[in-house]
Each structure stands twice: as structure tokens, then as C-alpha cells.
């Protein structure tokens, strides 16, 4: 039954492109439909309309900013879901260190990550990553980069921190609850940026209408930056939340099965 | 004939690959017995769609869509829209995978297995036990 | 009768009020029933039934005068209004239903208390709901409004059928639902088709469909899809078997089913479909009327024979109902003004006579706990009034002159003669004799001199709350025979309905 | 200001509540939930205002960021989705009120997260209903699905497995949707629905429409649990978390159906070459769905499973309307969408209430439960009758429109299937009514102290559903008028 199903799927799927021969555009054709209708507008007007040389950034946080807001929300949702799903205590009890000693095996013992030099990590590499994250965040509209990457970097910093330091007490000291709340605040900043322009009499997420005393072109930059900050906080919070939720459950003794 | 095939491969061959990737993913989800493998196949499937979208945005002689002095024509940059869209799709697939993995963790904890047939058998056993217990309870109430 | 004092309520709102009054009563009884004293609860029923009678009777002058009373409340679906209107045919049924509700309520109070029944609240609520929908049926002026009330009637009768909540009750409840819901859904499909081909659902005397809208085979199919709902409820064979099964319910429920609302609703539905939707011409040309008439003839004869073989009094009466209802169907299908008037009047006549019979059966059961005819030897000596009423009603059912049954049957026979159908005439006369054959033995047995069963000596006459209604019903059935137009002009109304249908043809 | 931005505010307000819910729960245990409930109430009020505006002034086009139409994301609110948004926010509000009783773990983190996910589910549903952009629809679809996976997984150990299976199948659906979107984007170069419809009708795009149709039918079929794609649904609906089950079962299946309508009737239009095949395929699926769902429901002993299978059948009614395609039949489907949301939601509210009070969902335990819970059983009866299609409840009228649409197009077989399916419905719903009112008392023990029937917050949803079922039934002509404002132009 299943094999038959697979064969059918494969046949259908492989034959689809032959049927779609006329339908799909030639690869790399500059005049094909997806490359001409809407995208030309984005390429030609992104700089003047959004004040952002990076067109992808212009698309995701300005033209289609609404999508990205919900994308961040999806991140948040995933974090909350993981927390909610992994809330219960693990059933299996951890093997106690004394038992380990007795059996003479390194079941839990000193993991590789605990051998890393803490001082180098904490005082040198982590600040470096954080600085880089901030750079990526604020440079997103000009060149490659953006909120997601920055958030991911901050999350990675936390991961390093957790791995290097003692598991129970990381330096950031963000509990599951706090990080999850933080992950919610990020998209909220994003939503709020949109709401401010509504209160100022514009449409939702209309950066032109932000009530700030700066030049029109600057407003888009400010709007994009505000939104990117929201994304960063959201992503970082989510990653930290997931790490926290997982750390509670991981027992590092999975090698026995 | 050869020319048609080579033209086809040159112009649209990439779509064939993405569709094969897609169908491998779907087939894997349907046929694999192991839930983890199913999850991996799910990711393969999503990646296939991402490729498909990115193929649509490709332009020969186009550069990355970051505005540079001197290049102002639309033909000079590749299409930024699919990239923007796929960023969203990637994040969504990431979220789905996160939820899937945590579900898997719970399944593993509860049933001790992530093989589908094994799991279904255990579920059956559980519900049979439940029914048995219920019957006994009812009998106790009757007597 | 003078209803001037009611003039503050506009004429067109009265049908709606008549429907609502018992619906509100049903709601009140269901919600408050368990929390208030039972006398208070029964008072709600009685007050509602009196109000309903007043409202319905007050519409008679308008119906007689032929003034149009019509209320369009809102659109029930796009293109069709929820419309209530008063016409002679509906008026006849409404008068019967509302009058008998009062009698049955008084009787059921006596019966239910005398018998110590459980779940009386649900019983009275469902009863009121049934009557509400039956009144709605009478006044509904288009098919869809009609169908709404028809289905409410189906559903609200269900709790009455399963009243005892034992296995037998559940089984007969299921049977009842199976028959009525299936036929109802088919009715629904037919309504959709009719609406689709004709664009209207408004009842018109003489019908609104013609052969152009429904070509030959379709006309017959749709005819039977629609009439099916009516004849299932009216218990025309071979679709009758839910009716005897529903006998497990308490006797007042049987009385309601058989005499007041449900089977009459079926007969009324047949009337509406044949004469107000299809019209005499299409019904005749598509062959549906003839087929239906022969089904009715078959039912009349066979049910009488079955009735003779039943020894359980209620079962015998049930089969008698099956037969008598087919008179109405036959009268409708003869398709002449007189037979139609006769059929309509038979709704009245049969209602009063059959309710008497059932009330007697119930009264006997409550007083003596006897169900079987063979056990009733000599009971008439102890309960002379009760069994006297039974005798009167039996003679009426058989169609003796000066009884209500005579008026209606004579009209149907006139119609059959007029239509040149001697076989129908023969059937009607034969069935009258058969009716005597299965009902008179009960009377004779009960008045036998020697009392076989010594325990009868302890019983007296039935409880007054049961005796009064049944005597009234018996007396009314005699009076209506002598004076068909008594008070309510029911016979005139029936004639008017018959004439209005056949007017366009003449 | 509010009036001009209604379409987006309806979505943003519950979103903000969801995002802040965890933070507020940290401040005060009840604050988070209160904010979520108030936000959903606010969007209910706004959606009613929006419906009024749409009826008065015609469709609202709301361009987010004030970009010209094909470049930015646009919300299009016409009379169809205005009505559906009102439906979603009503059910969302009552289930947000209701759900709190089923939270077992009241640690602030979990309690807050639970409310967050409910609010996000409502947000996603509202977004799916209002968006006019193909890709935006995907994002909302995923938000809805992700929160649904989570809520289903909260329903105990079986819930986890069903959530996992749903997740796999649901992701296939989402991916197929994306493939279809890619095909359409590749052919038209735009993502805006109106723009896409304009381009598709301007030239010869029949092949691409056929191809994307092949992907869209399974995609939406899976998400709405139409017959051959329904595999995930019964266990997922059965084991979903009790408090939000009404929302999941009542509303979640409807939105993919709505999206399907958007694609097939608003984007593809009715004059493309393969529309007959599309309608035939949909018709076959829906007929199978109606019969199979009802037949399976008859054999179930667990009320939740019975209702889940009955959902398969009822979704068939909705897609049957799409398969018929006249404005009247489409209005019937939409009426059924709205009505069924309240019926199924109401039935699950009752089931949840019974489980809350007595801890059972086995039909055999329901004997004469009406004495203990008269109001709940009143709704149970009305909703069951509505499912069967007894007038004057909502279910009858949607069936009427479907059937009269079918009669206009001479699809007699569809009328026959409608009749058969409602009779099969009658079998199992009268079984339920029989259990509730007639069968022997099973001697259930009340888990809570003897008091009123239910807490007030659980009675509100029950009363609202009761009123809604009868109200939609009695005033269906008004609703259909509103629906026909839009449907009159897109149907056959």
C-alpha cells in the first residue's frame, strides 16, 4: 500500500514539471513574469521609497512588513509552544554522580563543553559576538544582515554562555518565563511601530507618518530600525526560551540506548 | 531530440530537481516508519519549495539585490521578492520543526519509542488496559 | 359568537398569537415545571388552551366572510416569506385541534395523576409544543412554512412516544422517527424541486403546478415524494406500522396522535399537497391521485380486518384510525368538491369520535387496569357513562345517520358518485359495516349482564376529570352529526374549501 | 481613526494581547487572561462595526503601509469575510471565556502561554479571513496550524501523537499550498489576489491554473479534512485540549474552505476551461465525505470521536456548495460554514461542560444527564437537531440553499446525497438525544460540589451558541442577502 503510494507520488511529481514546461518561466530569464511585474518596482524604487539600499530588507520590513511581523510572531509562537509542551518534568531520573563513579564509566561525568576555558569565552568571544550582532542589526538596511541574524547571534551567545558556565546559573540569568515574555515583547515593539503610524493618522505600518521631527526619508530608516530591533528581541528571546526549555529536559545520558 | 533535452535541462531542468526533491520528501513522510525520519523528510520537502521559489527569482547577469552606484536598471539585480518570501518560509519551517521536535521528545518519553507501528501497538495496548479497568470499575459499582 | 372585545388585536396577528401562545406555554412549563406546584403547572396548560380557543374561534367570521387574513413576518429563506394566513381548510383543522386540546388537557391531568406517571413536566411541555406546531400547520400559507411546523411536530411528538422510557418505548420511538424523518427529508427534497421549477411555494386553491413545469414522469415522482410525508403520518398502508407501535405511549398521547394532531396533520398535509400544490388537474393527469386512492381503498379494507383480530383495545382502535384516516385520503383523491368537503369534515368528525374512544380506553385502563377486550366483560355495568360514550362514538364511526361520521361519509360518497366511481362507494359502505363489526362487540361485551370478573365490583365510574371530557367529546360528536354547522360553521367552511379549490375548473 | 483602520485593528488587537500576555501574567496571575479576553471582545465589537460599514459602503480595501496595490500587502474585506470575521471573533471570544476552566497547571508561565496560544490562534484565523495576499495567507495559515498543533498536543498523551501526525500532514498541505503559490507567482509575477485574478483572466493561463489546482485541492482538502484527506482529523479533534476544542473544531476547518473559495471563485474565476472538472472533483470528494463521515460517526461510542467524524461529513456540505457553484448554493455553503461553527462549537462546549462536571465523554455514561444539566442538554438537543437539519435551526436553511442551488443546476444526485446524509446524521444524533434524555441513569458522580449547573463563564458560551443557532436559522435571509452582495458576482 505504502510502496504503491510512493510510486504514484514519484510518478506524479516527476511528470509535473513536464506538464509545467510551458508554465514555469525559463530559469534566469530577465523578462519572465516574476522578474518583471512587481519585482521591477521593488528594484527601481526601493532606495527612494524606503531609503534602504538593501532591497531584500526593503521588501521584508517595508513593502511586506506585515508578513514579517507575523513571521516574528511565528518564532514567538514556536518558543511558547516548546515551553508549553516541555513543561512537565522528565519522567526518567538522572543517574546520580555517585553511581557513575561506582561503575567507573563516564556516563554523565565531565562533558567536553566543561573543559572550555571560561575566561576566554566569557570575556573575549561573547562580547565580540554581541558587538557583531549589534552591527548586523543596525546595518541591515544598508547591506546584508538584519534582525533575524542579530537575534540569532544573541541567542548563540546565550547558548555559549550556558554551555560554558554552570548549567544551573548562566550569567544572563534569564529564566524560561522571562525569556518567553521577552520574546513576546519583541514582536510587540514591531506591532507598536505600526500602531503609532495608525495613531498619527496613517495606515498601519506607514513609516512616513511616524510622528517624529525628522526628514521624510529618515522616517523610513527609523521605522525599519525600530522594527528590526523588535525582530532581534523576538528572535533572541525565542532562541533563549527554547534553549532554556530544552536544558531542563536534557539528561546527557542518552548513550545508554 | 538531443537539443530539446539539453534545452529543457538548461532552461527548466532545475525545476525537475526541485520537484524530485519535493516528491522524495512527501514519499518519505508517507513511507518512513520512524517519526524522526518523517520530520527530516518534512524538512526536505520544505527546502524543495524554497528552492522552487528561489529559482523563480533568478536572473542571468543579475547581482545581489543591494543597490550599488551605477547599476540602476532592474535587469541588473536579481528579484528580491522571492528571497524575502523565503526568509519567512524558512522561519516558519523552523518553528514547525521546533514544535515537531518537542512533540517527538514527549512521545519518546511517554511511549518509549518513535517507531510508528510500535507506537500504534502500544497505544492499542494502553486503550485495552483502560477499557479493562473501566469494565472492572463498572462491575464494582454494580456489585 | 361575538369577538368584538378582541378587536384591539389586529386580525392578521391572531394566527401568530395562536401559535405562540402554546409555544410560550411549552417553554414556561419546561423551564418552570420542576420548580412550581403541579397545579400551577397545569394551570399554564389550561390557560393557554383557553386563550388559544378564543384566538382561533375569533378568526371564524373572517374565514366565513372570505376576507384575506395574511401576515408576512420575515423572509424564511431568500424569496419565501414566513407567512401565516387563514383559509377555510386550515380553519377547520385549527378549530378541531384547539378545541380538543382543552379536552385532552383536562383528561390528561386526570389520567396522569390517576396513573401516577413520571416526567409529567416533559409530557405537558411536549404536548403544548405539538399543538403549537399543529396550529402552525393550519395557518401556514406556503410550503416552507408548512414544512417548518411539520418537522417541529415530528420532533416534539417524539418525547411523547417514548414517554415511558422502557425498551419498548425506545423501539417504537425509533420506528416513529425512522418513518417520519425519512418521509420528511424526502418531502424536503420535493419542496426544493417544486420551488426550483415553479419559483413559488405559496398554497393556491387548485394548485400552482402545471404539466409544463413538471413533465410526465417527474410529476408522478414528485407527487409521491411530497404525498409520502402526508401518508406516512396519516398511516396509509403500507406505511402505517409506526402507528400501532406508538401505542405504547400513555393513552392521552395516543388520543393526541390519533385524534388531535399528528395523523390529522398527515391527512392535512396530503390535502395541501394534492389540492393546493398540484391541483386537481395535474394530480389527475399524472396518475398520482388514482394510485393514492387505491392505496386508501386497500388500507380501508385491510385495516378493518386487522382491527377485528386485535384483542387489545388500543391496538384495535389504532387500526381503526388507520382505516378512518384513509377515508380522508380517499375523499381528497376523488377530486370533487363534495368529496373534498367530506374529507375535511371527516377530520372534524373522526377527531371527536376517536378521541372519545381513546379517552374511554384510557379511563378504563386507569380505573381497572384492563387493556384487553376479553377482560372487559360486564364492565359497562359498572361504568355506564363511560361505556355509553364508547357506544355512541362507535356508532358514529360506523357512520349512522345523525352522527358526525354520517355527514362526512355521505359527502365523500356523493363525491364518488359524482365522479362515477362505484367501487369507491362500495368500499365506503363495506367499511362502515366492518367498523360496526369490530367496534360493536366491545360495546356488547362490556354491557353483558353476567359479571365474570368479581373484582369489577370494586370499581365505580371513572375519575371526573376523565369522565367529563370524554362525555363532552361524545356529546359533541352527536351534536355535530345532527347540526353540522353548530357554532363554528365547520361544515360551511369545509364546503367553502371544496368549492374554492374546484372553482377555477368550473 | 479607528474606523479607517478597522480591518487591521481587528487582527492587531488580539495579536498585541497575545504578545503581552506572558509579561502581564508575570505581573498578576489574572491580568494576562483578562487582557486576552478583552482584546478578543474588542475585535468582536470592531468586526461588527466593520460588517456594518461593508454593508453600507461596499468592500473595504486596506493597503498596509499605504503602498500601491500589487506592491504592498492588501486586506480586502467584502461582505463574505466580514461575516466570517464576526463569526470567528464571536466563537473566539466565547471560547476564550470558557477555556480557563480546563487549565490544570496554573503556574504563571504555563497559564500565560496557554492564553497566548489561544489568542494567536484567533489572530491567525482572523488574518486568514481578511487577507488579500497569497503569501500572507500562508503565513496566517501557519500561525493557525502551529497554535493548533500545540493546543492539540496539550490534550494528554494521545493528543501528542495526534498532534504530531497532524503536524506532518498539515505541513504537507502548507507545502503544497506554497508550490501552488509558486506556480501562480511564476506565471503572473504578483502575489496580490485581485491583481492575480486580473492577470489570469487577461490571457491564456489555463494550464497553470489546472496545475495549481492539483496542488490546492489536496492542500485545502487536508486542512479542512475533506474525505480522502481527512486521516488526521478524527484523532486530532478527539484528543485536542478540552477548553479550546470548540474553537479548533468549530472554526479551524472553515477557514481553509473559505480560502479555497477565494482561490477557485475569486482568483481563477468561473470561465476558465477546466472549471467543470474542478467542480466535478470537488463534488465527488464532498459526496464521499458526507456519506463516509456520517457512516463512521454512527459506530463511535466516544462522543468526541462521533462529533469529529460528523465534522468530516459537515465539511462535505460546505464543499458541496462550491461544487454546485450558483450564488445560492455558495450562499448555502457560507451559511453552513457560519452555522456549523456554532453547532459544532456548541456541541463541544456541551461535551466539555459534561466532562468538566462528570469527567466522562463516553456516550454510555450519558443516561438522563439532562436532569443534572438542563441548559447544557437544551443546547445539545438544539445543536443536534440543527446538525440533522430540522427547521427552524441553522442547519436546515443551509441545506435548503444547497439543495435549491443543486436543483437549479439539475444535480439531482446531490439532493439525494443531502437527504441521505441528513438521515444518517439523524441516526447518530438521535442516538445521542436518546442517551441524554431516555437511557438509564449511569449514576455519575459530580466532581465539584453541588451548586449551580455550571460556572457562569461556562454558561455564557452555551447560551450564546443556543441563541446563535436559532438566530441564524430565523434570520438566514438577511445573512444570505449580505453574502449575496459579493456572491452574486462570482458565482456561475
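A, B, C and D are the chain letters, set down in written order, and residue numbers restart from 1 in every chain.
The criterion applied here is as follows: a contact is a pair of C-beta atoms (placed from the backbone, for glycine too) under 8 Å apart; a residue touches a chain by one contact, two chains touch by 3 or more.
Quick caveat, the model's predicted, so the values are computed rather than measured.
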By CA centroid distance, what chain is farthest from chain D? C
If you tally C-beta contacts across C-D and across A-D, the winner is A-D
Which integer distance in Å separates the CA centroid of chain C from that of chain D? 44
Any idea how many Å lie between the Cα centroids of chain B and chain C? 66
Starting from the mean Cα coordinates of chain A and chain D, work out the distance between those two points in Å. 30
Based only on mean CA positions, could you tell me how far chain B sits from chain D in angstrom? 25
Listed in rising order, chain B residues that touch 2 or more other chains are 22, 26, 56, 81-82, 85, 88, 92, 95-96, 99, 103, 106
Which chain A residues sit where two or more other chains touch them? 16, 20, 24-25, 32, 34-36, 38-39, 42, 64, 67, 71, 74, 77-78, 81, 85
Among the residues of chain C, which are close enough to touch at least two other chains? none
Chain pairs in mutual contact under the definition given at the outset: A-B, A-D, B-D, C-D
With touch defined as at the start, can you tell me which chain D residues reach chain A in the complex? 1, 5, 8-9, 12, 15-16, 18-23, 26, 62-67, 70-73, 105, 107-110, 113-114, 116-117, 120, 123, 127, 135-136, 139-140, 142-143, 146-147, 149-150, 153-154, 160, 183, 185-191, 199, 207-208, 211
Please name which positions on chain C make contact with chain D in the complex. 74-78, 144, 147-148, 151-152, 154-155, 159, 162, 165, 169-170, 173-174, 177, 181-182, 185-186, 188-189, 192-193, 195-197
Under the definition above, what is the set of chain D residues touching chain B in their complex? 135, 138-139, 142, 146, 149-150, 153, 157-158, 160-161, 163-164, 167-168, 171-172, 174-175, 178-179, 182, 185-186, 191, 443
Taking the complex as given, what residues does chain B use to touch chain A? 8, 10-12, 14-16, 19-20, 22-24, 26-27, 30-31, 55-62, 64-68, 72, 74-77, 79-85, 87-88, 91-92, 94-96, 98-99, 102-103, 105-106, 109
Please name which positions on chain A make contact with chain B in the complex. 2-3, 5-6, 9-10, 12-14, 16-17, 20-21, 24-30, 32, 34-36, 38-40, 42-44, 46-47, 53-56, 58-60, 64, 67-68, 71-72, 74-75, 77-79, 81-82, 85-86, 90-92, 143-144, 148, 242, 245, 249
